[in-house]
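I have a structure here, written as structure tokens, and I will follow up with some questions on it.
Chain naming follows the written order as A, B, C and D, and within any one chain the residues start at number 1.
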Amino acid sequence: MTLQRKIFGLVLLLLLALALTLPFTVSNYMLRVCNMTMITYMCVVSLFVIFGMAGQISFAQAGFWGVGAYISAILTVKLHVSALVALLASGLGTAAFAAILGLALFRLHGHYFGFATIGVVMILNGLFQNWKPVTGGADGIANIPPFAIGSLEFASETSLFYLIAVAVIIISIATYVIYRSSLGRAFMAIRDNEIAAKCMGVNCYQTKVIAFAISGLYCGIAGSLFAFVSSYISATSFTFMQSSLYLVMLMLGGYHSLPGPIVGTALLMMLPEWFRFLQEYILLIYGLGVMLLMVVMPDGLIGGGKQALESYRNKRKGVANVAQK
Amino acid sequence: MKKMSFRKILSVSAVAVLGCFLSAGTANAQELKIGVVTTLTGEKALTGVYSRNGIMLALEEINGKGGVNGKKISVMIEDDGGNDAGAVNAFNKVLSLGADVVIGPIYSTMDLSMSPSIKKAEIPTLVIGSSNDIAKQKNPWMFQTRTADAVSAAAIANYAAKKLGLKKVAILHDTDNFASGAAEVATKTLEDLKVPPILVEKYNTGDKDMTPQLAKIRASGADGILAWSQLVEAGLIMKQIQSMDIKVPVVGSNSYVTKIALDLAKDNAEGVYSVADYVYSNPAPWTAQFAANYKAKYKLESEFNSAMNYDAVYVIADAFKRAGTNDKKAMRDALAAVKEVVGVSTTYTFDANNVGGTSVAIVQVRKGVPQIIESVRGR
Amino acid sequence: MSPKNNPVMVLEKVCKRFGGVVAADDVSFELEPGQIRGLIGPNGSGKSTTLNLISGICDVEPGIILLDGEDITKKAIHERARMGIARTFQHPRLLSRCDIKTNLFLGHDLGNMRRASGASQEIDQSVDELLDVAGLKIGMDDSIKTLSYGQQKLLEIIRAILTKPKVFLLDEPAAGINTREMDRIRALIAIAIRNKAAVLLVEHSMDLVMSLCDIITVLNFGCVIAEGVPAEIQGNEAVIEAYLGRRRHA
Amino acid sequence: MVLQLIIASLAMGIVYGLVAMGFVLIWRAVGVVNFAQGDLLMAGAYVAFTLTELEGLPMPVALVACAAIMALVGVVFHFLTYWPLRKSWDMTVIISTIGASIALKEIATLVWGPAPLSVEPIIPGIARFASVSIEWQFLVTIVIAAALMGMIFYLLEKTYIGNILQATAQDQYAAELIGIPVVVATSMTFAISALITGIGGMLISPIFFVSTTMGGSPGLKAFAAVIIGGFGSVPGAIIGGIVVGVIDTFSGAYISSTYRDAIVFLCLILALLVRPQGIFGEKISDKV
């Protein structure tokens, strides 16, 4: 096993080096695409927490993403709050909103909860589009000042890249720590077998609300960063379709473990940019590609990869056992 | 618990900032490269296809006559997928391909989301959204070619109140950025004329059944309806107004007199007024020429999307002729100095706020064909 | 009944009706720490229902359940689990999409949660000890799907032991098990007893029940028809009749 | 005015009912929520356009032809999204239907072009009675849709084929054991589901025109209809559809026309919280 770890370590260092020097080797266009990919990744990780780990399918993520974006936009544009405070307010505000919502909706189980979250994202989208006094209605909110801590301003795409990268690293580490912690095990117990989880002392209702709050926190932070990156937000970005894209990214990447969202997001955000020359056919190929990938790799790229690795190892072990007897 | 291997955690985060390879475009010094951001996929694909038709037709004509000062014009079209983030991506893409000047989409929310990138990239960009917010951005590099709502929406209100003598007007409009902004301006104009609207009804893009709104309008005894809609909803509203026996004059946005909406509504569109940037049946020689060329090339009737994009190319060509170089600063100043460039949609003169469209036409549908009644000059 | 020392759990007149069907009718017995009580009876006699009533999956209509003297009749499943009730299921309920380590650590989490002091080192060592006793030579990172049915049952028992329970409910551990795994189950139950847990064993295989249990309660149609040491139960007329039906007089 | 609203809400409700019925049939047969059901409505409308406007078929012939084509589309859809994934987790099928939803819209855009199209109504003109004036097509939609629902309901409940489909829906494994070719049963269910929703599309195409985006809003509102009516019950889907139609139309008229959609989805959430099993559904308890 250690050989595999060493290779893994090498690959990681290479990637890290590449990542740090990325802004200088890549055009402004691809840099903005990377920034948007990382922001989308945070929402997909939030779906990984509530659905990948805790097993509760949720379409509310784009709604929470919107709540986070609007909190930051309103605080900075209308109340002239400092960017850092707005970011925290977005994260915690959305987490609180998700928790309250969870308290109400987690009396429902399985698909019923999923349908309720479809209602949530549609209602939120309706509010973003029409609640003029607060969200600026159809005009959205423009001129969101760039992110700044004290005098240090993050206006250029490169500086934003590092800012978002820091947030992504923190969220990835936090999720990895949760994944390995007792809280993470409680999530997965709920996902796999709720009755067994209860018998193992897991307060399912409370734990699901915590998972929903954490996913709200991630979406809130992602929404806030989205507001600062694009400095203009309108309701057209926070739709049911966006939520289902997060689900597609998570499932294609592999919902089992943390690398899944990374691969899924990177794949589905970068491919349409690389295949821009397809113009009108891009969405058709996107749709058919999703269907094909689900058939070929039901457990996603990472899940599928692991299975291939495992079956390869079992075959090798099987051969070894036969030899022993 | 085993010691948490720090390397494993770093691997998780490093992969998250996955890089990708560079896509550099080749820059050709003298030739003028126009970058076009429009919607070719998703729900709003219709407007994008028409915009592209208008641009390609203009390009063909200009390059056919040897280009400008002997230099050809080339176009790079990128799809924005119908959402704000997509528009910014497409804008950055054409920028990286070395565009000298950009033509933006007709949806104001996308223009507004591109505005910061335009200012940062300092590249002259013509946007075709009509919302007044665009001028408010005070972005020196962004030019609003379309006649802004301030003129067209006010013209609808004035025409309804003064010419048609309507006293109790009802307003019905989509909740998208275009219609909401226009409705606001019209409401204010009507209030200034002391005939405030007695009822304002809204619907969401994609709604099909307008019965609730129209039933309320019929019950309110309104003597006229002002409406701002996209193409499909325009056809729907004209049809449902007739099918609910609401016999009052209707003054709609430009969508109401496009061939598409008239094909959908058929004879229900009879007598509908509209304040239009462009109508395919405009008898003026250069407009009729465009309509004929367009129909010959695409087997489709032209409409305002293709007309305004067609004009945008000619406005850029005019500026390029005077600037003589594809340098961005020079092109910007040349664009700002565009004076009385006669287009098929309107005559273009960029004012201090970089708004170019100067006039709209009052039109009425008679025997299935929109007839121009009068032209309203904003300035 | 063995001399009365302080019972860890007491059931008093516990009843349960599913519509017309009487699943439990005035069931009463006590569980002493370090003692194995067998709960036997023909199919549908209310054995599993009793386990569900104790673990909280089913609500007790009339009747009281006490744990260390505290009334837990109204407590939720997870609260009872945290107070020291651990159970296995007829068909093992393991986390199918997790690896073995996660499954085991789930039990370990509950064990930690209940004890203020974090005796985690000691726990680690006993995981390996339990795995050796159960004869499970498996990689911690293997997925549950690689385990046989018998191995899954053993793993579920280990997971329950890891929670250091006061009351350990076993729902037909021997069902679908070969003899080699049967001995391992005996060894695991012995470990639980050594940890002073009170074991309630619901089982059909008589040789396991008769050899392991200190005392046995027999249920039929939800009622307790007999209670006593294994020897008494084997000779008891009512028990034989419940299982084999009335002997027809020649 | 109220009568006008009632008829309009009935017509919209029946359409939501048809889409919801399509949902429920697929859900009962294979336990999967089809996110592309709204796009089958759109497909039906485009097929209707081709049959009536391009081929010029008279209406009754077009109706039958459209039904046949949509049944075929249903079978193809079944083998593309469900069949290859029937063994794996149901979530993978849901993702596959999301992919199909995107692909269906783009195929329509590429084949028929992005422009909206109009279809001749079965009975043109406007019906006027008792202060109500509404297009005849609205009433035709209600009548034909109700007849179609009745036929499908009869097929499912009373006929031998219906029993086969019900048996497969309840327990595929058991159905296979007693010799039912499950692949035939599930593909037939998908065919019926696409047929109903497709005919729904054909019926509303003259009223609301044919466009690639016409499937979106009805698809989501059909979700609400399925829940309010009772998840998994066919009559529930129909009644749920009409209830949603009424909520949609009357909230638009009396509460606020802008928050019409939001109100429908608020009712969805309230229905879930108050009565998750819906009007007709039976309480689904957690099986230990």
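Please note the rule applied: a residue touches a chain if its C-beta (ideal position, glycine included) is under 8 Å from a C-beta of that chain, and two chains touch if they have at least 3 such contacts.
Since this is a predicted model, take the numbers as computed values, not measurements.
Central chain by Cα centroid: A, whose mean Cα position is closest to the mean of all protein Cα atoms. The chain pair A-D and the chain pair B-D differ in C-beta contact count, and the higher one is A-D.
Among the other chains, the CA centroid farthest from that of chain B is the one of C. Rounded to a whole number, the gap between the C-alpha centres of chain A and chain D is 32 angstrom.
Centroid to centroid, with C-alpha atoms defining each point, chain A and chain B lie 34 Å apart.
Inter-chain spacing, taken between the CA centroids of chain A and chain C, is 42 Å.
Touching two or more other chains at once are residues 1, 41, 45, 175, 202, 204 of chain B. Each of residues 126, 130, 195, 280, 283 in chain A touches at least two other chains. Within chain D, the positions touching two or more other chains are listed as 106, 109, 258, 261, 288.
Touching chain A in their complex are the following residues of chain B: 1, 4-5, 7-20, 22-24, 40-42, 45, 77-79, 81-85, 88-89, 92-93, 95-96, 108-109, 112-113, 115-117, 120-121, 131, 133, 136-137, 175-177, 179-181, 202, 204. Within the complex, the chain A residues that touch chain D are 57, 104-105, 107-109, 111-112, 114-116, 118-120, 122-123, 126-127, 130, 194-195, 240, 244, 247-248, 251-252, 255, 280-281, 283-284, 286-291, 294-295, 298-299. Interface residues of chain D, counted against chain A in their complex, comprise 33, 35, 80-81, 84-85, 88-89, 91-96, 98-107, 109-110, 220, 223-224, 227, 231, 258-259, 261-262, 265-266, 268-269, 272-273, 276, 286, 288. Across the complex, chain A meets chain C through its residues 182, 185-186, 188-189, 191-193, 195-196, 198-204, 256, 310, 314.
The part of chain D that touches chain B in the complex is made up of residues 1, 4-5, 8, 11-12, 106, 109, 113-116, 118, 126, 128, 133-135, 204, 207-209, 211-214, 216-217, 248-250, 252-253, 257-258, 260-261.
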